[in-house]
Each structure stands twice: as C-alpha cells, then as structure tokens.
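Common to both upcoming complexes is chain A, partnered first by chain B, then by chain C.
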Partner chain A sequence: MPRHQSILTRRSLLGGGLVLGGTALAGCVSPGGSAGSSASPSALSSGGEAGGEISILDDNTNQVFQNGLIETFQEQTGITVRNYEMANFNDLHDRFATMFAGQDTSYDVIMTWAGWSAEFGQAGWLQPLAQDSLPADVIRPALDAVSWDDTVYGLPKFASVQTMFWNKEHFERAGLDPDAAPESWDEFVAAAKKLTTDGRYGYTCDMGNPAGAYQNFLRTMLLCGGELYDADYTPQLDSEAGVEAMTKLVELYRDHEVMNPASLQITNASDLVEVFSQGNTSIVFNWPFQWSVATSDAATTSAATVGNGLIPGINVRSASIDGSEGYAISAFSENKSAALKWLEFAASATSQREIVEKEGWFPVSQEILDDPATEEALPVVATYEQSTEYVTRRYGTPWSNELDQLLSVHVNRAMNGDEEPAAAMRASQQELLPVVEKYLG
Partner chain B sequence: MNDTAGPRRRVDVGRVAHRVAVALLVVYLVVPFLWMVVYSVYPSENLRSSPMSFAPTDLTLAKYGELFGDSGFVRSMTNSVVVGVATTVICMLLGSLAAYSISRFRFRGSQTLLLAMMTVQAIPAIVLAVPLFVLMRDFGLYDSLTGLVLTYAAFILPLVIWMMVSFFDSIPVNLERAARIDGCSHLGVLRRVVIPLSGPGFAATAIFAFITAWSDFFLAKILTGPNAETLPVRTAAFQGLFATDYTAAATAGVITALPVLALALVAQRWIVQGITEGAVKG
Partner chain C sequence: MLGRTTLSAVERKDRRFAIFAATPAGLTIAALFLYPLVYAFVLSLYELNDKRPEATRVVGLANYVRLLGDDAFLASLARTGVFCLFTVFGGVAFAVGMGVLLNQRFRGRAVARVLLLVPWAVPPVVNGIMWKLIFDGTYGVANSILMTLGIVDRPVQWLAVPDLTLGVLIFAEVWKLTPFLALMTIASLQSIPANIYRAASIDGAGSWQRFWRMTLPNLRGTIMFLLIVQSMWSIKVFDSIYVLTGGSGGPAGATTTVNFLAYLTTFSYLDRGYGASMSIAIMVIVILVAAFWVLLLGRRDKETRR
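Moving on, here comes the complex of A and B:
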C-alpha cells in the first residue's frame, strides 16, 4: 500500500506563503498608483448590446430600487439583477477597497460619491465612461459626484445640495418677516441674534465629526467666495477666504453666541433635522431630505411653518456644498455594458421621479427638474434650481478622509478658543500640503 | 458631655480612599453600559428633549420586540452564536492538545514555535484583509460561516495555546507521572488529570475565545455579506450616512453584550481563579 502523501508539504507551504505575501503586497496600493489593479481600462461607450446578469452593491440611502425599480429595470432591459445588496455607508469603503484590491468580480455596480470616485478612480478601480455615455438629460453639475480629474466614472443617482431651512413661527415671534429669508450673512447673524431666546439658539449645525467639520467649514469658505484648491490642487486653507470663513464660524459660536453648543457634538444631518423639527432651533443649513422629515406628522413643524431658501452669502450672494451620490462600474466587472444600462436607468426620468417624490432628494434628470409635478411633490426643489446659479462644490479627492481628519482638529480648537482662526488655518494648510503631495507627487 | 457613641473608631484613610477609587472605577466602567440600556428602553424623543424625560410611563421594550421580529437581525444573532461557539470549540480542542504538547514534551524549536505564534498576532488584521478576502473568495468561503470560523480560529488559536501552556505549566508533573504509572496513556492523562485540574484556566480561555469571536467587527465586515453577517456588523448598520437609529443601535448593543455578561457572571469564579493560577504559578 503506497504511503499517503500529505497535500501540505514544506514546498506547498512555502509556495502558499509566497502567494499570500504577494497578494498582501498587491493590497498595499500606493496613493498615486494602482498596485492592486490592472492598467486603467479605456472609456466605456454607450449603445452596445447588453444582456445577462449584474450584481449591485449600494448604500442604504435609497429604498426605491429594491421597492420596485429593479423589476422595472429588468422588464425594460431584459437584464437580470442577480444580486442587489444594500449595506451601511460607513462599512462600504473598506469593503470596496478590499474587493478592488482583490480584483473581485462579484459586483458590477457600486454606489459612489465624490470622495470615492476620486480615490477609487485614481487607483484604476472604476470604469471610466466616454462622453457619449452621459445621457443628454443628466444635469451636468451632478456629475461632480462621479468625476475626478476630468474623468467621469459613473452617473449620479440623486442630487443633494444644502439649502437654508427656517422656522416661520420662530421668525414671527421674534418680529421677523417669516416669508423673507436673510439674504446676506449680516442679515442672518442679526436674525439669529433675535431668534436666540428662551433657552433656544437661533442657529444649529452638525460639526461633531470630521466630515461635518469639513462640510461646515467648506460651505462657509465658499460663502466667502473662496476656493479650497487652486487649479493645481494646491490647498488654499490659509487664504484670505479660508481665514475669514473660520473667523465667521468662531464668531457665530463665541462672539454672537447664536450657535447651539450642541453643534459641536451633532454628528449627522438626521440629528440636525430632529433638533429643527422639534422646534429646538430656528435656522439650519441642511440637505433636501430635511423637508420631508420636518413636514411629517412626527414633527412640530409643518409645510406651513418651514421656510426654505438660499444660504446667505458672506462675500457672494450664496453658495453651497454638494452631497450627491451615484453609481459607478467596477473596473473588474465582467458585464460592463449591462452595468452601464443600470447607471443610465438610475439617472433616467423613471427612477428620478420616484427618488424625488418618495424620498425627497433632488433629481439629476433635467426632464424631472422641469416637470411642475416635481415642485409640487418637493417644494424645496425651487431653491435647488436657484442654487445652480451659484457655486456648489464638494471637492471630493483621494485624500478626502485625511483632510476631514486634520481639518476637524483645528476647526474644533478654533471653535473652542484654543487656537486663533488664522493659526488654525495655517496649521491645517501645513498639514495638508504633504498629504496632497503624497497623492499627486 | 454625655458620650453615648462608644469608643472612637479610627478612620482608615487608606481604606476609604481605596473604596472611593474602586467605586469611581466601577461607575466609570458601568455607566456607559447603563446609558446604553436607558437609550434602549426610552423613545429617542425623551432623550433628545431638553431637559431629558425619564418618566416611568414612557418605558418601552418596543425596540427589543421590533429587533427580535426582524428576521435579518435574528439571523445575524444566530450567526454570531454559531461562529462564537464553533470557534471556541475548535480553538479549545486544538489549542489544548498543542499547549499540552508544548508544555510537557521537549522538542527542538518548541519555544521558537511559541514565539512565532505570537509574532503572527502582532500583524494587524487590516494588513491581512485583502489576502484573507482573496483566499475566502477563491475557496468559496466568502460570506459563509465556515470561512469566518476558520479565520477566527486562525487568529485566536495562538493566544489560546499561549494561555493554556501557562495553565498546564502550573500543574505538578508528578501527578501525571503517577497517572502514567497507573496505566494512563498521554491522552488519558490529559483527559483525566490535566484538564480537570486546569478547569478554571480552561474556562477562562474558552470565554476569552468566545468573546473575541463574538465581538469582532472588522474581519466580519470584510469577509461577510448578507448571509453570514454577524451582530456587530448588523449593529453598526444602524448608523447611516444621513441618519442614525440610536435606539436600535443601543438595543442591539445591549443584546450583543448580554450573553457575554451572563457568561462572565456564571463563570466569574473560574475566570478569576484561572487567571490567578496562570499568572502566579507559571
């Protein structure tokens, strides 16, 4: 009887170790390169034959796809959605990074936003789209969420821009015109002072986590007429506009004392809506979904008592930040043509109508934006249309997370009086420069 | 002056300070958990209003009912139990045998082997995430309980061996020699003498293995999808990009913590005894 030979020989163990080590190295993606990927794929064009199956990994912001739109897509295209998985947004980045580094083909379509489009796009992990893939109907500014370095990596699924919400009853009680929004920063501060009464603060924001600190700072910097980077992506944090923005935020909190101290603890937009819709603050700058929550039965506010308008500017009339989301195609997808059909479907009027009417996000389809029924279902869309005349940016970059972290430290120090605004911005600038250098070389 | 207080007792300042320090430490450790319990049994409106409202009439277990009625949550709970128990059984079975061998048999490289096992522990899980993902996917084990159990066993086994070695080292060898003279095999000695004597250490190590597997978040997040999702991953999902369901998160947190708490209370005596034995006699 021949002696049984173990499948685990020293040679196989050594070989396995080398493979394992090699794969681990493949996962160590250099910021500027694409160690875990094949060469960047060529741009994908629309119009080809598409069929077969696709698999989608989405976040849990939209319910409309699993609640009917997937069936509609399958009927319209004949493409089968083999798997539609919704996961928590906060878990997705690590899952995507692991899957991409492993050149995984499990998912054809993934959810994305400006930061990930930049990070994964630069790494060569997202499929670039050709210009002819972009639907004529899509609202161009919404492409910012799916683009990086002049390359489009996907199509938006909804647009999200911050606007100002105010409590008309509070305005009336404070002797302010409930139907006239403050149009400048000085008017806003004056109103917030009058509204800060009875243990209630006139203004509340959500800067309790790094992303929130970044968003609130960026919005104020845009309101000052500044830009976060120049054309070569050199940070402008310590520019005049950057320092002025930080100063204005600190003044709101420390000098004018109109900013709710809870603003430094509130970590997401939903909590901000809660504070507003329970009547505990008078003015917030927030995403469009605030309208449906603040006018729901559970809120103390209603459609009659919630005002909505442009965010008042400091050196410009208005500006805002973008929080749009979209879909992108994995560079490792084995059915990219069918995946593109899904992207087109999500941006189409069919999907957009449901996203606006059932979930309260702004549309990315011009046809839906122009449809009177849209404003009827979501009155704040009128403000969105106005906001397109002003700057709306997010500056999603491969280093977005690092920027959020380092900036939030100095923003918090400044807000707490531990650092002068100018010093905070100088320090942030000095810390950000090598980060950008690391990615762009 | 009428002295009715009896003889004056000396106040032991050191003892009082010690007790105050212990009380503060207990408060520091327990309050976050208690706050989580409070959050799970009050509507979020009560806790966000100013001032907070803790009216007994508002107490509710509605969220617990909601979560236990959610098939996805129940599945993730079942997954956690299966993964925790299976990992513990595998680690204790293999770990005990390996630890006994290292403790009792002298062979070349035994100490190097022990050291090498701990060196592996020093590698952060994030470095191994991609290779593990690729391995699991290629072996068809991605998003499966088997894959997760094997992964956890690989991470936890070295620690189990280390802990068990110190417990076995604390048992006098003479007892085993006597058993051998009475005709016991090596395995018989292990089963009849060593394991009963190292019971507390065995229990402490098993609980450690279970808790490590039960509470892992990162590897479960990377290696599972909807099928093999465990409780910590499910709990984290209550925090979204734009919204957080604090009540659900707190309720899931309490549900996740309770088995560990119960286990620790039941086996408290063994744990303390086991840790003390391993630490002092080794």
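Moving on, here comes the complex of A and C:
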C-alpha cells in the first residue's frame, strides 16, 4: 500500500512557521522603544491639587519613612503610598535600568544620587522639575546630587559629605592627643603609623568595588588640590594631582603599611562603619551616619570616644566628596503631581529633622542646618559646616559607571603593586577619553 | 493528482491532534526562547545606548565587527578560557574520581552519597555568599584555619588580589557543580556489569588497568555529556561572580568573564545594542563548544560501540 503524503509536510510546516514566527516577532521588536521615548517631558511645576496613589522604590539608607513619615505624609496630603519598597543600594541601578527600559509604570518615585541623576536624566527616564518646584533654602551641593546639565531631576532627601572619624581611646593609648585631629597628610600618616599596632591598622577604607575605588581616589585627588575634569569635561586623571593621589594611596598601603589590607575587599560604607564602630581600626574617612552608628548601644565606641574633624589635606587644608541622595520622579509615572508632593515632603522640615536626629545625615535645608537644635542632635554638623569652606565634589556624569569600572581596575593594580601609579593613571586617562568623547561628542 | 497524495481520515485526525497537543509547548518555547532570541539579535544590529537615545540607529553587523577588535571582550574571552579549563576539565575529572570512589562498597557509602548532594542543594546565590564569608579578608574562616596551622602569618586578602579571586571563583564553582557531575557518573557506573570487572581481576588486571581499559571506555558517553553541560555552565557563569565580587567582576576585572562583560555592558553601561551582540556571540560560542565535544567524543563513542 503506497504511503500517502500531504502537501503539508513537516519540513514545510516548520520552515513556514519559522519564517512567519520570525517575521512576527521581529515586527514586535522595537529596539529604540524605550530609549528616548519619553521625548524630554516638559518640566514639572509645583502647586496644584494632587491625590491618588504613589509607589516608591528607595535604597535602605533611611528607615524614618517606613517608621512613621509615610503616615505623616498621607495625613498631610491625602495621597496614599501604595507601596514603599527598600532595596540594597548596590542592586538598585540594574533594577532601575530594567524598569525604565521596559517603560514600567510600577514606581512613581525612585531614589537617586549624582551619578544616576546624570545617567537616567540623560536617558530621558527622569521627570525634569521646574525652578518653582525647588525649595528656596535647599543647600546647593545637595541639589547637585539630583541635577545634570543644568536640569534638576529631583529633590534631595539628605546631604552627605565625608569627614574624618577617629577613635580617641586608640589615640590616647598610642600617645597621641585624642582631641587634636591630624591637620595635614603627613600628620595623618604619622598618627596612623603609631596607631597601627596589635594586629590593628590605623586606617581603613572601602575600595573593594568600583564605586569605592573611585570615591577613595577622587577624595585623595581633591586633597591634592586636583580636579577630575577641566571646564570642558576633559579628564585629568593623569595630571600631577591624579598621579600624586594614586601615589599617596599606594604609599599608605604598601610603604607605610598603615592601611588595613581588608580595605581592598570592603565594598560599602556600611561595612566600614562597622569596622570602626567595633574598634577594629582607628581612623576612617566616612559619611556622617558613621557618628550615629559609632555612638549607638551596639558599638564599642561612644560619643565620648569618637572624634570628628576635617579630612587632612595633602596640598590643601582639606577637601571631600559629596554623597547626597534624593528622590526623582520616573518619566513613566502616571501620577507625577502626587510624586512631586512626596519629593517636597522628603525635603521638608518635618522629614529633615527626623533624618538628622534619628539617622545622622546632614539636612538639605539651610534653615534646618542653621537651627541650633540640629548641631545639638548631630554634633558632626559642625564639621560639615567647616567643610563647606573647602572643595567638595562628586562629578556625577552619565558615564559614571564606565569610569568607576575602568578606574577601579588600575587602582587595584597599583595598590597590589602590579602597576606604577603614574602608569595606572595614564592608562585610566587613555581609557576614559573615548568614553567621555562618546557621550559629549 | 500527480505529486500530491492524501492522508487517510484517521491519519489526518491523528496529525491534527498531534499539532493540537504540541501547540502549548510550541507557544511556550516561542514566548520564552524564540522571542528573546529574535529580540536580542535585532538589538545587536542597532547602535543603542540608552544614555545616548539620539544616536540610536541601525548599524547592521558593525557590533560584531567591533567585538573582534575589542580588547575588553578578547580579554574576557581569554579569562573565560582559563576559567573553563579548570572548571570543565578539573570539575569533570574530580567528579569522575568521586563517582568511582562512591561506587565502591564501603561502610557509610549511603551517607557519603547523600552528603555529596549537599552543595547541589544550596542555591547558587547562597553558595556565593557562603564562599565570600569564608574567604573574607578580615573575618573569614579560611584565614583562621591557615593562620592556626601556621601556613600564613597574616590574613590573606582572597577577594582583593586578582589571581586569588579567580582561584576562589573556580573553587566555588567546582564545589557547586561536582555533585551533579558525580551523580551522573555514579548512575553510569552502575550500568556497567560487575562480572566484567570480576573476569578482568581473574585475568590479572590491576585497579588502574580496570579503570583505564574498562571503566573509562564505558563512561565515554557520560563524560561527553558532562563536558558539554559543564562547558555551557562555565561559559555562562554569572551568579557566583556577581555575589563574590559585589556585582563588579573585580578585582581589576579578574573575574569579568565574557558573560559577565555582556551583563556589565548591557545593564551597567546601558549599551544594549553592543551587549546584545555579545550575548549572541556567547550563544554561538556555546553551540560551537558543544558541537566540538559531540564531534570529538561522539564519533569515538560510536566507534567503540561498533
């Protein structure tokens, strides 16, 4: 009996199906769909009525919102916070990027800082704010953390600048004056040498990941009197200050042997805070929340044994880096007016007082900063005010991630002795130039 | 009609049912596999960096050409090669050894086999966190043990020195994957008739000869499978790197394998077009490596069977 065959063979079915499916799928693909699709939304102005619901995706820096401020916000505005989610800072970037690329409307408000404001702002993923949305007394460096290219994309929720913290008990035992901070780099190195004893290192930092390597290098470069970019955003990594900064860091680690080797492995400020608060190192340059943790019940240090002052400079008296954070509104938010109310609330006196008193971050409002109660609650505010006399930078740019990554490679090589500081900076400069060129063209 | 034959009613009914039954699976595969694949390929033909939306344009195969001259990509390929060398050959060799050992009769064999499965039962992210804690430069158990034994006199910064970090990564991966590989080996070993070993022993074959001339040839098919899956896993390794290095692929890029570079390019730098071309390239590499093993060992396996 002959085998019957159909015109619809398996091969033709498969082939036709693939062609049809591929065509249909390719038709669905819209690679440029999210990029720039927001088409530079017009700036959002303050005022007017707002209601409904909002969702917020924050980092886990501030607990005060979850612990009462959300309720206060809802009572004050009538706006419901449907979802307030906190996530690890290091995980947020990719989450935001995926969310924005998919034009996800799940979150109206996101946490931001200088790098992300520039990156996501340039991508058209953040809602620009009009000038009338900005509080009159907002502190400028904090506002820079939510701005890029003369556009403001959010409002700051706290200001943050690194200062020096030292353990007074360690100082006393090492024969140093516990109430006198080192004022120059040489004094700092000399003190760190005396403090490096009994298996404990005088100084510890957090350069275990790209962002940490960048921050520690930048701070040292500023202490050398350098600038990361010139007025045209041409990188200055291989400048005299850049090479000197790298050299000073290498010396701390390899020559003076006062830097805790774990510094190359510590990946965030929270871990550094713990190292200091448990008495495992004597000096750190860290963010203001170091104070509240170091003076908490769980710490081996206390308000009486923790000193705070300006970071000692190399070619200048002092300098520091900015770590202010804020909130921005997603360009894909469906309730931007209500989201703006949240931003205003976070920058308001009500929130600022709690952030200062309960969490130890600096306020973003000049009025709160000038309030004597602020310094009473957070003594390190006095150092912050002193630091405003000196250079404080962060240089958040759309290429911050690329810079962090490439710089960290050479910083690590130099720290491990695999590259000379000058060669490391030359290589970094050469790699960064085309990156900047790509974005600024 | 010439050239055209017809199916019987029953056959047509059977075929319709077969298509109907296969449709859900086909649609699922299309949604979960074909769509992302086509999407990724189309993306790879674009210059598409979300931070430069104005520059989005079709560039054809330019991203693939760029890959060939990209030092970072080529370096990550070389790094992936080193990683694969240890995890594939080392992992499979170790697993075969473990399998042979656990196939012997000894007291506590059942417990040993259960314990073998423990690393496999640990979720990948937990595995990464565990090794990160063990090799922590300040509080890690590894340093405590080495210092107690007097092997080192100061803590080793395992995750701060590039070569050491790559070593830790290889160690963590082999630890995680060995149970599965060893389990497959044991299953295969149990299918080898015991009487041929007895006959070989009577003929005077020693342990090494029995392993080399009887065990290994019988395991060839299994070893081919293990080499294929382990090669695929090693080329695509991601979770352990992410957890061990805090999402950086560091220190100094030492653990930035080709798959991790594709992740950094796509998600950290938002260069989705170029990142997609890397992903497609990785897929091609995986297919080529799998084909290489099939051609190399599959043919020999057939010859052995003949």
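Quick note on the criterion: the second predicted complex is superposed on the first by the 406 of 441 C-alpha atoms of A that agree within 3 Å, B and C clash if a C-alpha of one lies under 4 Å from a C-alpha of the other, contacts with A are read in each partner's own complex, and residues count from 1 in each chain.
One rule holds in what follows: a residue touches a chain if its C-beta (ideal position, glycine included) is under 8 Å from a C-beta of that chain, and two chains touch if they have at least 3 such contacts.
What you are looking at is a predicted structure, and each value in this text was computed from that prediction instead of being measured.
K.L.:
In the superposed arrangement, does A:90 touch chain B (first), chain C (second), both or neither?
P.N.:
After superposing on A, A:90 lies in contact with both chain B and chain C.
K.L.:
When the two structures are overlaid on chain A, which partner does A:63 contact: first (chain B), second (chain C), both, or neither?
P.N.:
Neither partner.
K.L.:
Once the shared chain is lined up, is A:289 touching chain B (first), chain C (second), both, or neither of them?
P.N.:
Only chain B; A:289 stays clear of chain C.
K.L.:
After superposition on the shared chain, which partner residues are touched by A:264: those of chain B (first), chain C (second), both, or neither?
P.N.:
second
K.L.:
Applying the document's definition of touching, compare chain B and chain C: which contacts more of chain A?
P.N.:
Greater contact footprint in residues on chain A: C.
K.L.:
Touching A:101, do we find chain B (first), chain C (second), both, or neither?
P.N.:
both
K.L.:
A:405 in the overlay: touching chain B, chain C, both, or neither? Say first, second, both or neither.
P.N.:
Second partner only, chain C.
K.L.:
Applying the touch criterion given at the start, work out whether A:72 contacts chain B, chain C, both or neither, answering first, second, both or neither.
P.N.:
Once the two structures are laid over each other on A, A:72 reaches no partner at all.
K.L.:
Does the superposition put A:315 against chain B (first), chain C (second), both, or neither?
P.N.:
neither
K.L.:
So, does A:302 touch the first partner chain B, the second partner chain C, both, or neither?
P.N.:
In the superposition, A:302 touches no partner, neither chain B nor chain C.
K.L.:
Taking the contacts chain A makes with chain B in one complex and with chain C in the other, which residues are shared?
P.N.:
Looking at chain A, the two contact sets intersect at 26, 36, 90-91, 94, 98, 101, 267-268, 275, 280.
K.L.:
Please name which positions on chain C make contact with chain A in the complex.
P.N.:
Touching chain A: residues 4-8, 11, 15, 30, 34-35, 38-39, 42-43, 46, 48-54, 56, 136-138, 154-155, 157-162, 245-248, 250-253, 264, 267-270, 272-273 of chain C.
K.L.:
Given the complex with chain A, which residues does chain B contribute to the contact?
P.N.:
Listed in rising order, the residues are 44-45, 48-50, 127-131, 133-135, 137, 142, 218, 221-222, 225-226, 233, 236-244.
K.L.:
In their shared complex, at which residues does chain A touch chain B?
P.N.:
Result: residues 20, 23-24, 26-27, 36, 59-61, 85, 87-91, 94-95, 98-99, 101-102, 104, 106, 199, 267-271, 274-275, 278, 280, 287, 289 of chain A touch chain B.
K.L.:
Of all residues in chain A, which touch chain C in the complex?
P.N.:
It is residues 2-7, 21-22, 25-26, 28-29, 31-32, 34-37, 90-91, 93-94, 97-98, 100-101, 119, 122-125, 208-210, 260-262, 264-265, 267-268, 275, 280, 398-399, 401-402, 405, 408-410, 412-413, 416, 418, 438-439 of chain A that touch chain C.
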